[in-house]
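One chain, chain A, links the two complexes that follow: it is found with chain B in the first and with chain C in the second.
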Partner chain A sequence: MSEIVISGLSYTYPKAAKPSLQNVSLKIDSGAFAALAGLNGSGKTSLCLAIAGAVPHYYGGAMAGQVYTGEVKTTESGICEIANIVGLVLEDYESQLVTLTVEEEVAFGLENRGVEQSEINRRVKEALQMVGLSGKEKQQTAALSGGQKQRLAIASVLATKPQILVLDEPTSALDPEGASELYELLHRLNQDHKLTILVVEHDLSLALPFASQFILLADGSVEKAGSPAEVLQYMGSKQHYACSLPPLWQLKLGLEPEFSSFGDWKTDDEAANELIHCLEKLEAGKSA
Partner chain B sequence: MLEFNNVSFSYHKNCPVVSDLSLTVNPGEYIAVVGRNGSGKTTLTRLIMSLVKPVKGTILFDGETTKKYAPADMARHIGYVFQNPSRQMFHDTAIEEVAFGPLQIGISKDDAIKQAKEALAKVGLNGYETAYPSGLSKGQKQRLAVASALSMAPRLLILDEPTSGQDQQDKALFLTLLDHLHQKGLAIILITHDMNILAEKVARTIVMCDGTKVYDGSTANLFQFHDVEKWGLKKPTAVTISHKLSPYGVSFSPTVDGLIAEFKANERGAVGV
Partner chain C sequence: MFKVAPLTKIVFTMVVSLWAVALFSPLALSVVVGVQLLLMVLGRVEAKTYKATAYLALFAVFLFLLQYVFVPDTRLALVTGLKMMAMAMVFILVLATTRVQDLTAALVGQCRIPYEYAFMFTTALRFVPDFLSESRTIQEAQACRGYSTKGNIVKRMINFLAIVKPLVLRAISRSETMALSMELRGFGSQKRNIGSQVALGWHDYTALSGMVTVTLGIFLY
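Moving on, here comes the complex of A and B:
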C-alpha cells in the first residue's frame, strides 16, 4: 500500500517568479525508506513541506495537483490533522525547539493535542529512549550538542506517533559518528517501528545501506525514481551527477568497464568481498 | 607564521575546552582540522582570531604574542568564514558586503570598491555586484563570504565547515576555488567533517579530541596507520576497501581514483601485462 501518493503537484511560493515544484507525481510505499536527492534549489524542501501540509496551508502560494499522506488529502485537511500522520524535522532543527528542558520539548506537541498527563509521561519516556536521550529529561535544550538537539527534534515528532517521518538534511551539522548514529536510528525506526521514512540527503552514501527507494529531483520535477541501484546507475550515466555519486558507486562504475559487472553495492564490505573474489579469480587464472 | 605554545582555554572554570595545545602553521600551508562535535575545533579558530584569549600558554603571530591584539587587528591578516555565511552578511548588495572590510580600515571608497570587485572575480562572482546577498544560493553565499575575507588580502584563511549543506556540485566548485587560492600562496585552515575532502584535498590533518591535539601529520598516514574511529572520524570508502585488498597485493590509496588505478595495476600484474 502506498503511504504517500503525489499526482501532478505543482507549487509556486507567493511572489515567486517561477514554480518550485512542477508536475511531480510520486508514490512512496508504506514502510519504505526513501531518500530524496537533487541539487540545491531542485525542490526537495518544498516537496517535504507539501507532504507535511505546510505547503500550501502555512506558506500560501499557488498549488495544483494532489498530495495524499496515508488516507488524507492534504488540501482537504487541516495542518494539525496532517501533523498526526507526518512528523517533520526541519533542516534548521533548532528553530523547532521551543521549550526550556528536554522533557518539556517532547511533551509540547502532546499537550497541544490534549493528551492526558499520564500518557504524556509515558510517551516522553518512550520517545527519549528511542533516540538515546534517556536520562537527559531535565537538561536544558540549549546545553545539548547539535547531534543531541537533532535527536530531540526527532523524539518530539516520534512522541506524536506519526506514520511517516520526513527529515530535511538531518546530518548537515553532525560529525561522521553522529551522522552514522542518526541513520542507524532511522533504520531501527523503519524496521522495528514500521515508520515510513523520507530523508533529504546530499550525501547518498549515508542513506545507501538502508534506503529502499531513491528519488532524484531536478528543477522542481522528478528526474528519476526507483531502487537505489536504478537511480545511481542513471546518475552515473550523467556527467553532471558524477560527483554526486557515493564513492562506493564511483569505484564500481570506474572499475566495471575493465572488469565484469559487479553487484549493486550498498556497503563497503559488500564491495570489498566482491573485489577480493575478483582478485582471487584473476590469481587462479594466472596460476592455471 | 602562527604558533600555539601549550595553550589552554575554558569558558567556565575547571571545564577546559582546549588543553595544552601546541601547533605551528607555516605560510602557504593547507591544513584540515577534524574531530567530533565539541572537540574544540571552533574554539581553536576563535583563539587564532583573538575572539577569546588563552587562559594558559601563548599564541604567536609572526613571532609576536596575540595577547595585545583585538579581533579587528587579526582580521587584517586572517580571513574567517563562518559555517553559516548568512550570519556574517548584513548589506544590501554583494559589492557593499565585500567592500565593508577595506572601508573599515580606512581605505578610500574607490579603492575599496576596486578591491571588492577583484575579490568577487577571484571567487567567480563577477556580475553579481548588485545581487542581494540573502537571495544567493548556499554555495554562492559561501563564496561571497570568502570574497569578503579576500578583500582584506589575508595571508591565512580559516573556514568552519564551509561545504555543509551544499550539494556535491557546489561543493566541488568551492573546493576547486580553495585549491586555486592555496596555489596562489594563501595558507588555509579548513574545519570539516567530510572525510572524502580530507583524503582527496588536504596533505596535513590535525585531529582534535576532548580539547587536545591527538594527531598532527600527513592525511594519508592518518588513514593508513591509525584507528580513526576512536576519535569519532570515519574511514573514507577507499581507505576501508584498500585495507581489505592490501593482503591481495593492491597498494593502499585513500582516494577512489587512486584505488581504481591501484586495482587495475594489480590486475595487469596478475595477468602478466
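Moving on, here comes the complex of A and C:
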C-alpha cells in the first residue's frame, strides 16, 4: 500500500502571518501518477514537505489534520522512517547535493540506511543508468550542469527505492528533451515498479500524457482535484488559469464552441487524429 | 601515494607539520618541500594541484619579503617562507591524492571522530567550488547594478559588502536546504555503513616506521 491520504491538513510556518495550507483533504491512490499545479504561493511545496514529514518535524509551526503515506501517519513517525517510504526531490536541487562525487551522492542515502556495499554498488549503477548519468560516477557534482544535477538528485532518491516519489518542479533546469525524457522515466517507474508519483509541475503539458490525476491548489486549499480532463476543463473555465492550460487544451477549448465536442486529448497524436477525422466529416458533409 | 591508506596520509600531514615547526635549517626544509613535490609527481596529481602549489609558492615569496622587511635576516626570512610552504603543501598533497570519502572513513573508523564531525569536513570541501562559483555570479549581478572594484582600499572593502551579504545569506539558506535533504535521506540513522575500505597494509606500516625514524632523528640530533 503506497497511497497518500490527507485529511483536513492545515499548516502555518513559524512566525508566518497566515497559513500555507488550509483544510487540505485529498487522496492519491497507490500506483497513481498525480500532478500538482497552482500559481506561485499556492502551497504546493508545503504540501510536498508535509507528505515527506518535513512539515512539521523539520520546520515546526502549527499543523492540524492528518497525513498518511502508506500506512504511516507522518505526525507519529520520524523523517528517517518516512523517508523509507517517500522519496522527495526538492525544488532547490543544487542544495540537495551534499557529497563531492556523483557516485557518493547516490550512495549517501543507502549508506545511511546501512545497505551492504555490494548492494550499494549495484543500486548506484542502476539509478545512474535510469537517469542517463552512467559513466559519470567519478565526476565531481560541482562540475555537472544544472540539468545533470537535477537528474542526479532524482537518481539519489530512486536508489533508495521509495514506494512514493514526490518531485517538486523536477524539470525546472532541464531542456525540453530532458524534461520529456524525465517524464517518460517517471511513467516507466509508475508502470513497471508501481511507484506512486506526485509531481509539482507548472507546465501541465509535460504531465498530461502520463498523469492519472491532477490537483489544483489555490491559496493553500484544493481548488479542484480529479482526472486531468476534469481539472483542465475547470481551469479552462477560469480566466486566470488561461495561460496555465496546456496548448493542446487551449486549442481544444478554443475550437469546441465552433465545432463539436472533442475527446479528452492527452497527446498531439490523439488531437491530430480526431481533428483529421472531424475535418474529413466536414468535407464529406460539404460534398454531399 | 595512492597505495597508502588514508590514515597514513593523515599521520603524514601531522608529522610534516611537526617537522616544519621543529626544523630551522633552510636545507632541511627545502628537502621536506622537495619530497612533497616528488610525491605529487609520483601521485600523478591533476594540473590544478600544481597551480595551487604555485600560488602557495607565491605566497611563500611574499612572506619571505615581509619577514625580510621587518628583520633583514635572509636566513630567517627563507626559513619562514619554507616553513609555511612545507606545512600548507602537505594538505594540498593529501587532499589531491585521497578520495574525501576515504578520509572520512579513516577519521570515523580509525581516528574515532564522530561521523557528524567528519561529514562536516567533507561537506566543507564539497562547497568550496560552489561558493566560488556563486561569488562570481553575485559579482556579475552586482556589476550590472553598478558595483565597482575601483577606488582606495577602504572604499573597495565597503563596496565588497555588496558581494559578501548576498553570498552569506545564500549560504545560510543553502545550508538549511542541505540539512533538510540530509534528514530526508536518513542522515543520523544508527545503521550507517561507510563503504570505503581503509585498512592499513604492509606499505603503511613501512611508511609509518619511516616517519617515526625521521621524527626521532630530527628531535634527537
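Just so it is clear, the second predicted complex is superposed on the first by the 286 of 288 C-alpha atoms of A that agree within 3 Å, B and C clash if a C-alpha of one lies under 4 Å from a C-alpha of the other, contacts with A are read in each partner's own complex, and residues count from 1 in each chain.
Throughout what follows, a residue touches a chain if its C-beta (ideal position, glycine included) is under 8 Å from a C-beta of that chain, and two chains touch if they have at least 3 such contacts.
Since the structure is predicted, the reported quantities are computational estimates derived from the model, not experimental observations.
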With both complexes overlaid on chain A, does A:54 touch chain B (first), chain C (second), both or neither? second
Could you tell me if A:177 is touching chain B, chain C, both of them or neither one (first, second, both, neither)? first
In the overlay, answer first, second, both or neither for which of chain B and chain C A:243 touches. first
Between chain B (first) and chain C (second), which does A:140 come into contact with in this model arrangement: first, second, both, or neither? second
Is A:80 in contact with chain B, with chain C, with both, or with neither (first, second, both, neither)? second
Partner chain(s) touched by A:69 [first = chain B, second = chain C, both, neither]: neither
Have a look at where A:107 lands relative to chain B and chain C in the superposition and call it first, second, both or neither. second
Can A:117 be said to touch chain B (first), chain C (second), both, or neither? second
Is A:22 touching anything from chain B or chain C once the two structures are fitted on A? First, second, both or neither. neither
For chain A, which residues are in contact with chain B within the complex? 38-41, 91, 145-147, 169, 172-180, 202, 205, 240, 243-244, 246-248, 250-251, 254-255, 258-259, 268, 271-272, 275-276, 279-280, 282-283, 285-286
If you look only at chain A, which of its residues touch chain C in the complex? 52, 54, 58, 79-80, 83-84, 88, 90, 92, 94-101, 104, 107-117, 120, 140-143, 156-157, 160
Would you tell me which residues of chain C are touching chain A in their complex? 99-101, 122-123, 125-126, 129-130, 133, 173-174, 177-178, 180-189, 191-195
Of all residues in chain B, those that touch chain A in their complex: 35-38, 137-139, 164-172, 193, 195-196, 229, 232-234, 236-238, 240-241, 244-245, 248-250, 256-257, 259-260, 263-264, 266-267, 270-272
